[in-house]
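Labels run A, B, C, D, E and F following the written order; every chain starts at residue 1.
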Amino acid sequence: MQHDIAVADMQLGDEIEGFYVLSSASLRTTGAGKPYLTGTIADRTGSVDLVVWDYTGELSADSAGTVVKVRGKVSEFKGSRQFAAGRIRPADGNDRYDLDELVPTAPIDRGEAMREVEALIASMEDADYRRAAEAMLAKKREVFARIPAAKSVHHGFVGGLLMHTLSMLRTADFLAGEYAEVINRDLLLCGTLLHDMAKAEEFTFSPLGLATDYSLEGQLLGHPVMGAQAAARLAEELKLPREKSVLLQHMILSHHGEPEFGAAVRPMCAESELLHLIDMIDSRMEIYAETFSELEPGTFSGRVFALEKKIYKPQG
Amino acid sequence: MQHDIAVADMQLGDEIEGFYVLSSASLRTTGAGKPYLTGTIADRTGSVDLVVWDYTGELSADSAGTVVKVRGKVSEFKGSRQFAAGRIRPADGNDRYDLDELVPTAPIDRGEAMREVEALIASMEDADYRRAAEAMLAKKREVFARIPAAKSVHHGFVGGLLMHTLSMLRTADFLAGEYAEVINRDLLLCGTLLHDMAKAEEFTFSPLGLATDYSLEGQLLGHPVMGAQAAARLAEELKLPREKSVLLQHMILSHHGEPEFGAAVRPMCAESELLHLIDMIDSRMEIYAETFSELEPGTFSGRVFALEKKIYKPQG
Amino acid sequence: MQHDIAVADMQLGDEIEGFYVLSSASLRTTGAGKPYLTGTIADRTGSVDLVVWDYTGELSADSAGTVVKVRGKVSEFKGSRQFAAGRIRPADGNDRYDLDELVPTAPIDRGEAMREVEALIASMEDADYRRAAEAMLAKKREVFARIPAAKSVHHGFVGGLLMHTLSMLRTADFLAGEYAEVINRDLLLCGTLLHDMAKAEEFTFSPLGLATDYSLEGQLLGHPVMGAQAAARLAEELKLPREKSVLLQHMILSHHGEPEFGAAVRPMCAESELLHLIDMIDSRMEIYAETFSELEPGTFSGRVFALEKKIYKPQG
Amino acid sequence: MQHDIAVADMQLGDEIEGFYVLSSASLRTTGAGKPYLTGTIADRTGSVDLVVWDYTGELSADSAGTVVKVRGKVSEFKGSRQFAAGRIRPADGNDRYDLDELVPTAPIDRGEAMREVEALIASMEDADYRRAAEAMLAKKREVFARIPAAKSVHHGFVGGLLMHTLSMLRTADFLAGEYAEVINRDLLLCGTLLHDMAKAEEFTFSPLGLATDYSLEGQLLGHPVMGAQAAARLAEELKLPREKSVLLQHMILSHHGEPEFGAAVRPMCAESELLHLIDMIDSRMEIYAETFSELEPGTFSGRVFALEKKIYKPQG
Amino acid sequence: MQHDIAVADMQLGDEIEGFYVLSSASLRTTGAGKPYLTGTIADRTGSVDLVVWDYTGELSADSAGTVVKVRGKVSEFKGSRQFAAGRIRPADGNDRYDLDELVPTAPIDRGEAMREVEALIASMEDADYRRAAEAMLAKKREVFARIPAAKSVHHGFVGGLLMHTLSMLRTADFLAGEYAEVINRDLLLCGTLLHDMAKAEEFTFSPLGLATDYSLEGQLLGHPVMGAQAAARLAEELKLPREKSVLLQHMILSHHGEPEFGAAVRPMCAESELLHLIDMIDSRMEIYAETFSELEPGTFSGRVFALEKKIYKPQG
Amino acid sequence: MQHDIAVADMQLGDEIEGFYVLSSASLRTTGAGKPYLTGTIADRTGSVDLVVWDYTGELSADSAGTVVKVRGKVSEFKGSRQFAAGRIRPADGNDRYDLDELVPTAPIDRGEAMREVEALIASMEDADYRRAAEAMLAKKREVFARIPAAKSVHHGFVGGLLMHTLSMLRTADFLAGEYAEVINRDLLLCGTLLHDMAKAEEFTFSPLGLATDYSLEGQLLGHPVMGAQAAARLAEELKLPREKSVLLQHMILSHHGEPEFGAAVRPMCAESELLHLIDMIDSRMEIYAETFSELEPGTFSGRVFALEKKIYKPQG
């Protein structure tokens, strides 16, 4: 019997006991009328199908997204690995396990990342945009540092929004220098900080912090409109000049570039045009990184849904 | 010398004195170095090119959208009528002219129309939606009754927004009855009343009340986003339940149907789907009416810009 | 043993005997070489998978769409209900069952609906259009009252075409009043009555009256072209003036709005524009109604194929 | 004074008398109040602007499309040639001029072309399709040999439909041999003969035989639908089997290939697929021929409207 | 026991021994921990699922595309035929089987086809284009005669490229005569010969000669660009005039017609326009032929992936 | 009389003598039969219409793009400035004027820019990519430093290609650091240097160095294909490994992102994806800069052709 083996390392025939996230669960009945539990268990390294025969315990579909303790054997079903558990129970307060091992988390030092964000805000010269950035960060600090930036696609892990935003801020800072003739650095940085903040309200989150679904607002309004509304309120509270309030809202509304990709309006100023392209760069590079992590050098991926194409990982 | 002849009735050779709107104006110099004024004068029946040779008065490009008194003769230039004025001056406080004759105005009794709108609001059973409708009307009453619904396309005349909205409310009322199984009449009526309210801030208006251009907000945010924001504030003030606030905002954001036609999100509930189609009906029927007014029965129009096609006016 | 339980009400473990429609059937052999029958049984409330082990009777794939008598038990297979029948046989002349319970049927009084259609036709003032409507109804009366308006999508039940057409006629009648300036009421009503008539030839129908597939003409010509051709013949028989014949054909050819959605030409007169939008309203509202019937308030549907999006059913 | 100089050969300063087609005409008044006639005169080689100062004769806009006798001088206006006529009058019965020189005509021997069409029809083995082809040709013989195939785009000259159809029939004959495994030669030839026949009713024609505009049916129904209707009637008269009638109609309805290019349905059998591609070949090759006739070898054309691109004429 | 039965003729219950291509293979383990082999075997008439219980031999996923000898019985699994083999082993040098029966091959005499291609090349009058055609054929002769023209879609069999190219050359020859006014026959023939030559490098091929996947160049550059590059080199070697080299490259780059279908540039000369349409004709006719081979007269196919539609095979 | 006034500073009534570029020219005849010259003169600050009455000199349309000496007066025609020259003659070897004042030139120090490009190349660690970059620069050094990057759109001035490429190299350098996990810096830098090199052959250039038109290759092959071909040759000469050659070609072929915008293939590796986005950033920022240079703060531009939208220049 092995303990707390990473899901990615489970081998056919391994007998394992450990703590995992129950990602999904469903109570079923066999043809012979016997109850069983089927679903998925996962940790930060991946997921594997689960089956528990003759199950009569308390777990059900509602338990999805919680931590369980299992004991069983890695078998195979239709060409995929399957974890056949003899025992399973919810984890409780007395159990000791490392949540960071169970939930996928951004590969960054979040404390240091927050300090870098704050330093960039502090460097803004325009008092209006700086106050807006500071106020927004003050309101959202904790959630901003914790939530993923998406359900799956890219940055879909704890700390994803912070990682995505900081990476974009760095590029924004660099490009504001390169194109100082047309770019207002403070507007660009402030818009970059705010552009995805409403993801906190666009999604519903599991107890472990992952985005599980869109919220009512997320579906019927969309995060660009929600974010622009929050910016408008903030601008009002801070008594920002009208043009600055409109520009900040416009940055957020247009950051998806084209209406067919979710922009409420198309970018019409240099800073919103650039924000959209920086967002494209960071999201695409992360998609490549996540796809490459499961790809051999010198081979093509399957069709990547978010890119609508295959991609190639060079040999060297 | 004739007086205040309607522009539509001006004939080649007519000598006319009267009051007209100076729609546009430009100071120029002839090859020989002499100053002259060129532009357009108009009343509610149409417009005609204007030229004033050897002009040295106070009128200029900035005078566009004001009323002038002119005296001159209807001549012809390159196949079009041209009003060659010998005299021209701004109208002043002592002048007597009928503004309703000069500015195109909705062919409805605006007082009666407002009463019909109010009666429909009063008939709403859901107290939340009724209060929202009443509060919005209280805030915007005067501007709602006066402004056009567009720069040109359709309903581009004084009272156009009221006419467009009332016509849609009537159809909404009828269809809410036909599809009572899926339609919440109060949500549909409230969303219909609010859907174009932000046109008041989307445009800038001439002194005579016509839409002359898009405002900064109109260009960078768009009236669906602006209207949804106003609805969100209203819902907050009135302490509407969260779902009702979200649904009202969604109605406004999605009433253009598809992102490529300006919707921030696509309609996702029965009432927003229907609002979009009612808006299509009323705007298209008005475009047909405006195009037909200048078309002989049994003939085709030229290409109608807003429809991207020719249309046909049947003989009988 | 229970009798004739509605499919929607069948519970795991129920033992049931009754009459149902055999929607589909397939004879198979087990790995061990034993014959069995698999397929689906249905009534107007829904459908359930069927399995009959060791089956050697006369039923086969060709029996799809007929009524059978079954006796068996509701079990479960891969998370779905399955009716495991011990006995099954074709219904015959001596059996007593209510066909209306077995086949999905429009939730309207069809006799009354036909009278309302006739009253609307009788109200037409233009003798040409009225005669065309009367003649078409005389030719098609029975099939018009009986067939579905589609295979699935919307109104895919017995009486669907009548229900869809009447609903559109009511809205056409209302809107013809609202837009009397541009709409010829008689042309609109006549075109509405005729617009989907050719569905009778576009589909092939099962013995129980449901649309099972497209006919040769349905695939190679399409119902708009077929309907326009029928209208042209009718107009010839009735010696309608040329323009009226052309307009009626145009209404039918263009009622899908855009070529990419099946219109042979785009709408180019006010009545065809409006007919298209009324068709959109009635088909969309029915799709919402049919989707809502299986959706909890306050939840989103899955992706609705015909709408290419999810929809939301509000809480109240 | 020169006589009947071809328009293409008119040089600045030439004094010319001759017969030309008055393509368009408009009565105007100068700034000084003097009447003049402006318009265009043309022959088969091209067209030139016309002006007649102080004109008080009987010609007007309604005279467009008739033959006139003019006397005047070739001058220049804004960089283009202009024919300034001192005299102009309608041609009458006593005048002698060669109509073939005035109207653009297909560069083929039309009698011989008709015989080739007939020989191809006679070679058809399927009696049904051959009878349909013969009957259609009998009905339309004269108009088929005379009308253009378009207003402008390609084959817009007298005899254009015959030239276009014969050229396609030859290619159809060849390809039916190459792809005998999938192609029914008789269906392909019959469909090719019929595919554009309804152009006779799609356009209105000038007295000289050129297409001047779309007819009411041409706009509201389109020639594919009109042609399919004619084929359906013919099939009925000749008592063709149902499938053959449907296939002939389908060939005509689908010959534009895609709905966005005017097809009422997409091609769904091998013969309609091939008919569409043969039509593409002949129309495109004629567009190249017509564009090349005004292009130097080794140069690019301007943007060709019907192709939405520039084309290149190689040097050798 | 029967021997070497064609896959298309295998019946449920047949006991068969013979040689087949192992198209795909996968080693699996049952729930009970026993190893088995699953995959597909095929010959030129079709393919069937394979299962070998308790398999412990040398075959694995890497054996795909090789010939095996099997012995077993045709059974059924989930409504499809399945070949349950008791024995299976790789074919070796001592085995006797007819490779032509195992691998799908073009239904033409390849030697005769090559002679016809050469005769067409020899008939070219322009020495430059003729030398280019001869040189390319000299370089690629063997591969040109052998490889398929695609992975699946159309002409996906041994000799497919030769069959496709010859068929196009014949049509090119015919059309060059029909449109001699605008078409340079030698450029058209030369471009046709070269247009798909780079398919040899676009794909990787199985030992038996079928295209198994795209190569690195095939994915990252595409065969039009690769073919144009080869043509440029050839033109350089042969010292062709600049315009002729550019035109040949352009023919190859543009033969897919539109960028969205893989053209690097759109056709801009008459010969490239025609080449594209000839390619459409031959590929579409082959798709019809391949689809018809499995379709009953008077029925519709399922959706044909490459055409994005269903097609109809007429009754006669 | 003033001398060599910048075109942007010319005022109505100014009398000026100086050297300008004759951008376009056309010989015409007045209604009265007198010859005159019309066209445009320009310097790096802008352009103005030119007219020379009674002109009989040697200048003609062929003189476009050369330097002339003019003497005349700034007048006005139809609301625009017009330079009415009394004298005009070609500049000759004895004339003294500053070409840099006449031709628009990149606002950079070209020598320093070249050194920065070289330093970035020298910093590449992969010897293959570095040698490719060095070899390409060695071949193209002079033309690379001199030509514009476009006819108009953006960077359409002398030195434009160098300015555009250096700016992109800097951003590439920065982003290669940010995304070191997925980006091969040397491939990215090398691809960036090469991506637009073929613009040297895509255009024809005026004697003064501006792009006047597309070359034959530019139209029929396009610069991505031409550039990839040059890269392939270079890779062959330098004996680069196959994958590196393919990747470099792929970078160039795909740098326009989507086929509809001119990409021969879509980007399929991280470096080509990023190159495309960096190209978007630099071209868009330059379009903003060029549009802003003629726009007041707080106003919208007219529709910018290359962006298909209006843009806004904020107030501050």
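Rule of thumb we're sticking to: a contact is a pair of C-beta atoms (placed from the backbone, for glycine too) under 8 Å apart; a residue touches a chain by one contact, two chains touch by 3 or more.
Worth saying up front: this structure is predicted, and the values here are computed from it rather than measured.
K.L.:
Go through the assembly and pull out the chains touching chain A as well as chain D.
P.N.:
B, C, E, F
K.L.:
Going by the touch criterion at the top, tell me which pair is linked by more C-beta contacts: B-F or C-D.
P.N.:
Between the two chain pairs, C-D has more contacting C-beta pairs.
K.L.:
Round to the nearest whole Å and give the separation of the Cα centres of chain D and chain E.
P.N.:
Taking the mean C-alpha position of each chain, the two centres sit 42 Å apart.
K.L.:
Once you find the CA centre of chain C and the CA centre of chain F, what distance in Å lies between them?
P.N.:
62
K.L.:
Which parts of chain A, given as residue numbers and ranges, touch two or more other chains?
P.N.:
In chain A, the residues touching two or more other chains are 216, 219-220, 243, 247, 268-269, 300, 310, 312.
K.L.:
Mind pulling up the chain A residues that touch chain E in the complex?
P.N.:
It is residues 12, 75-77, 79, 300, 310, 312 of chain A that touch chain E.
K.L.:
Under the definition above, what is the set of chain D residues touching chain C in their complex?
P.N.:
Residues in contact with chain C: 216-217, 219-222, 224-225, 228-229, 232, 242-243, 246-247, 249-250, 253, 259-260, 262-265, 268-269.
K.L.:
Give every residue of chain A touching chain C within the complex, in rising order.
P.N.:
26, 28-29, 31, 33, 216, 219-220
K.L.:
Can you list the residues on chain E that touch chain D in the complex?
P.N.:
167, 170-171, 174-175, 178-179, 181-184, 187, 243, 247, 266, 268-270, 273-274, 277, 280-281, 284-285, 288-289, 292, 298, 300, 309-315
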